[in-house]
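Shared between the two complexes below is subunit A, which pairs with subunit B and subunit C, respectively.
Up next is the complex of A and B:
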């Protein structure tokens, strides 16, 4: 390990190496070096990986999961753990949207209805969590309810709406050569990061996540915060549902449970983006930028594995490994930087 | 008397700070030895060394006549030295009997609930829990009874020396009496007991001899019968440290600022009422369990309160939560800064502005400029290193952390600051600084209300003192009338039970 760390250090400029030394322990540096080497080897030896087209594909694939991950990051940073109902919220939203579209209410009204559903779904969960409910229990319960409603309402059928329709632009259009969904991902990522860094709301997210008791003592209650962050996460899930439905002009309650991306389970994948980015599970430390990078990162690995012909089993395994790997590296790095001071 | 445990010339340093400096300590068989001293005098360090939690000391440790050194509490326990700490180590969901045999000694491999209870009976009787059913869950017992179960657990290992570290700190009167009776009983049965307590009345009731620690040094043990409260306090305080404390406000009392009317926080025996004047420092004196901390927390909206009102700033109210108190310019520092006083993982700057986010932002946007300015000014005022504003609060020393925890309230331009234990876990130098800051704030017109169990600061810092004893408001002292002896009598023995 020590040797690997030495080798890694020799590859980067001295000032960067010094910075890394302050931040991280040798083991962290070694692990990161190891990882970068594997990644570079993979990138160079995989056919069709390093093409502009493929890089665009990577980001596009990261977008939907990434947007939900950004929403969920607010919940995690504020110390309210995770919403285990992300994919079920999306399921309820996609059925709501498709119902609206197929009954001819048009894009705007359907979108509005979907967002209202998302706000209510998030608000109720946030209220229960804020009042002291255990986030795992509350959101597992909510997950069952949301999926049940979506499945019942749609009779578990595929609801398709005729093309052409006025939602297609969102799912299939592009702007400056980038798919609209990619553009939305970038915009949401930028806005979320600005809000977290430069607003009172963002500061409260961090303070409440860092120490809920101290936050309360300085006048920042978790109840309104829990409601707000759950609504943000829920609305992100709703937006992703709309974008996904707009892509394929149809919806089914189990779209987010079956084959989606590399992992079968959208919720796990979304939580993975938050974790792989190195956000603290306990809250108070991290950023949405980390989550965005985490989403892209998972997408890179997944893409590489697809190009090399792996099927879904190994790809799910890879996502799991990445979560474990990043948690180990980030917790070691954080401990290291603390110990230095 | 036959000495069972003898420590000679014990010294222990943490970095540059000497916690113990050449301490001698001894206890005889069947003796009850009181161990007293102020906060920070070194009691807990000494107790840790005796019980094997700390082996980084110099000096000699003799147990039963043999030089020894315990490297872990387990080894000390096997040798026959057991300690009951302030924090209970019982498992709430298990039965009394199961807790007694928690460590697994003296238990047959297979035990039924009833056989275990029968075996526990003997130890429960020894600590005076004769009327307790050993099969009930331990969390059904009162806190005092739980303390007794904890001791029963220790007794089950048949220790020769038993250390009780402030066993009555969190207990009411009747539970305390049970503890004291237990101590007498165990001593009569030949066990040596080291009794650590802040409650001087208890010390006189049950100890044979008393060892006083002061600033890390020990006094020779004295027979309890040769001392009284006054002479014991003098031993504890030694020279007067009055110059640590800023001059009192030698002016006429200013205007009435705030009235607490019939406030009854949960945990108090009765309601309290008092006035607070602008520009003064008011001290609430009382030992742990007296309710002073609860009163401050209730005034700040962070403690459940049965009834009562606060008259302040033309309003009559009872804050529902801390935010409601902060809006009215009431700041509150609890006695546990790590729990709710600081965001240890966030930068010092963010800690300093945390109660007043709106005042450093504009329309909800905070680009850092104004915040940096405000944090800089606060840090400078409270002599926190201004070059470290971006460092995490967790890296600061205890004293500097306390300055940040206290200093952050300046960001709301407070009218009243409530502080529980303003100098807990803070070294002497920082203490003096904090006292000076508190005085400065009062001089600028704010009122400071603080609660403390530290006899020095409660005597020399405030302009006025109100005393509390086990959930009851007792009396008050002002300016030159504030004396350690007067306060001590009020907070340890106001009803003259012991006739000292």
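Up next is the complex of A and C:
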């Protein structure tokens, strides 16, 4: 490991090396270097990987998970860990939207209904978390409830609505050669980053996440913040549900648990984007930009493995390894740079 | 010591000493009573046997989660670990024989637990964070072992054996699980290591300051948790004769509900094995009763979720209430002192 670190350091300019030294321990640097080398080798040797079309595909694949990840980042940054109910919220929203569309209420009304459902779902969870419930346990229970309601409402059947309909533009249209969902991903990423960096609200998110006691002493309670960030996360999940339903003009409660993604668990994939991006899980440190990059990074690895003909097993394994790897790397890096607790 | 107390008084003392456990027993009796009253078939020998059969699997998961939560952590990878062991045991059962397959599966699941516990203590990360990663990782490994197929047994001697009815209500599987419960209960209550687990859960900083090495309790908790998850997965796999790499996701929710009904606190340091058993029984009464009332399987989640939220609200509410009471007491004490001071001042001024 040490030799590898030496070798890695000899490759980069001295100022960068000094910066890295300040950031992380040699082991971390060696691991990251190793990873970058593997990635670059993979990119060069995989056929059809470095094409414009494939790059677009990568970003498009990252978009839906990325949007949910951006929503979840607010929760994580504010020190409320993460919501284990992301895919179930999305399931409830997709059923709401499809019910609206199939009964002929039109796109706008269905979207509005979905948003209301998402806001209520997020608000209830936020309230319980803000009052002192553990985020993991509360959202685990909420997840069971939302999924139960969604499958009960739809009788666990596929609800499809007729094409052409006025939602299709969102799922299948494109703008300046980019699919609309990709455009939405970019827009949401930019807006979220601006909100976090330059608004009062954004700074409060960081404050409450970094030091809850200090935030409390200055009059910023976690309760309103928990409600707000949970609503943001739920609305992002709701938007993803609408976009997904608009893409395929149908909905089922288990779309996000069985047919979506290689792993069969969208929630974990969303949490993975937050973690692989290197946001601090205890809150207060990170950004939505990191999450977006995390989503794209996971998508790159997945895409590369698909192009090389791997089955779903190794691909899930790779994402799992990436999460564990990033946890180990970032916690070691933090140990190097900051005093413990 | 309590010899001269009447039975009712002794019962009352028990209830006052363990409010959480009493709540759990009450809830269990209510759920059982409701289904027994509304359905004729519920209170029969066969149903009790079926409930005990469910107890075998869910009890193990609830026990594992209870231990983790007592230590102040949550093991989210429990379903993945169970699924991985189920896949390993079912896949290798025919080639290597049941005992070898079971041994391999349990060694793997326990080792996974040990590694997780070590990393939680060494990296000082919360187990929630690490186990989200291993949740996905273990699914990947399970998919790999199962070669992305549903693995199946070809001979059904073993499934038949572990479901043999014994003593009316039990089977080899449920006897084994009850034995595990008793062993873990003795371990938690009467050994130094068990008390260490309570200590790092309830007051981690104090425990560490008192010289507890965090690695030991964490490794013990997560190895027991891994072992229980693995055994649960193996029992499910062998009983049904099939195993899926992506299955058993529901275990986490059901196990958490059972653990919380059993009286663990998310702050750690509270709860116990008896609570886990009662919590599991409550969830099983609910599950079985819902099946009797022809509820679709996907809706059971709804009720479990509602139950979990209710229990959490109850806990959070009582915590907020306690804090209010304590603050009130402090304020009252301050007021009392102030009044005393004022009267003294007045007396001094008057003279």
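Note that the second predicted complex is superposed on the first by the 338 of 341 C-alpha atoms of A that agree within 3 Å, B and C clash if a C-alpha of one lies under 4 Å from a C-alpha of the other, contacts with A are read in each partner's own complex, and residues count from 1 in each chain.
We adopt the following convention: a contact is a pair of C-beta atoms (placed from the backbone, for glycine too) under 8 Å apart; a residue touches a chain by one contact, two chains touch by 3 or more.
Everything numeric here is computed off the predicted structure, so don't read it as measured data.
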After the overlay on subunit A, what do you see for subunit B versus subunit C, clash or fit? clash
Quick one: is A:147 in contact with subunit B, with subunit C, with both, or with neither? Answer first, second, both or neither. second
Give one of first, second, both or neither to describe whether A:156 is in contact with subunit B, with subunit C, with both, or with none. second
Does subunit B (first) or subunit C (second) touch A:285, or do both, or does neither? first
Partner contacting more residues of subunit A (subunit B vs subunit C): C
Touch check for A:204: first (subunit B), second (subunit C), both, or neither? first
Is A:45 contacted by the first partner subunit B, the second partner subunit C, both or neither? neither
Tell me which partner A:218 touches in the superposition: subunit B (first), subunit C (second), both or neither. first
Of the stretches 59-67, 113-121, 221-229 or 329-337, which one in subunit C hits subunit B? 329-337
With the touch criterion stated at the top, can you tell me which subunit A residues are shared between the subunit B interface and the subunit C interface? 341
Write out the stretch or stretches of subunit C touching subunit A in their complex. 74, 76, 119, 123-126, 128-130, 132-141, 143-144, 146-148, 245-246, 249, 252-253, 256-257, 260, 266, 296, 298-309, 312-313, 315-316, 319-320
Help me check something: in the complex, which residues belonging to subunit A touch subunit B? 198-201, 203-204, 206-207, 210-211, 213-221, 284-285, 338, 341
Of subunit B, residues touching subunit A in the complex: 300, 302, 321-323, 326-327, 332, 334, 339-346, 350, 354-355, 357-358, 361, 364-368, 391-392, 394-395, 408
Can you name the residues of subunit A that touch subunit C in the complex? 81-82, 84, 128, 131-134, 136-138, 140-149, 151-152, 156, 253, 257, 263-265, 268-269, 271-272, 275, 281-282, 311-321, 323-324, 327-328, 331-332, 335, 340-341
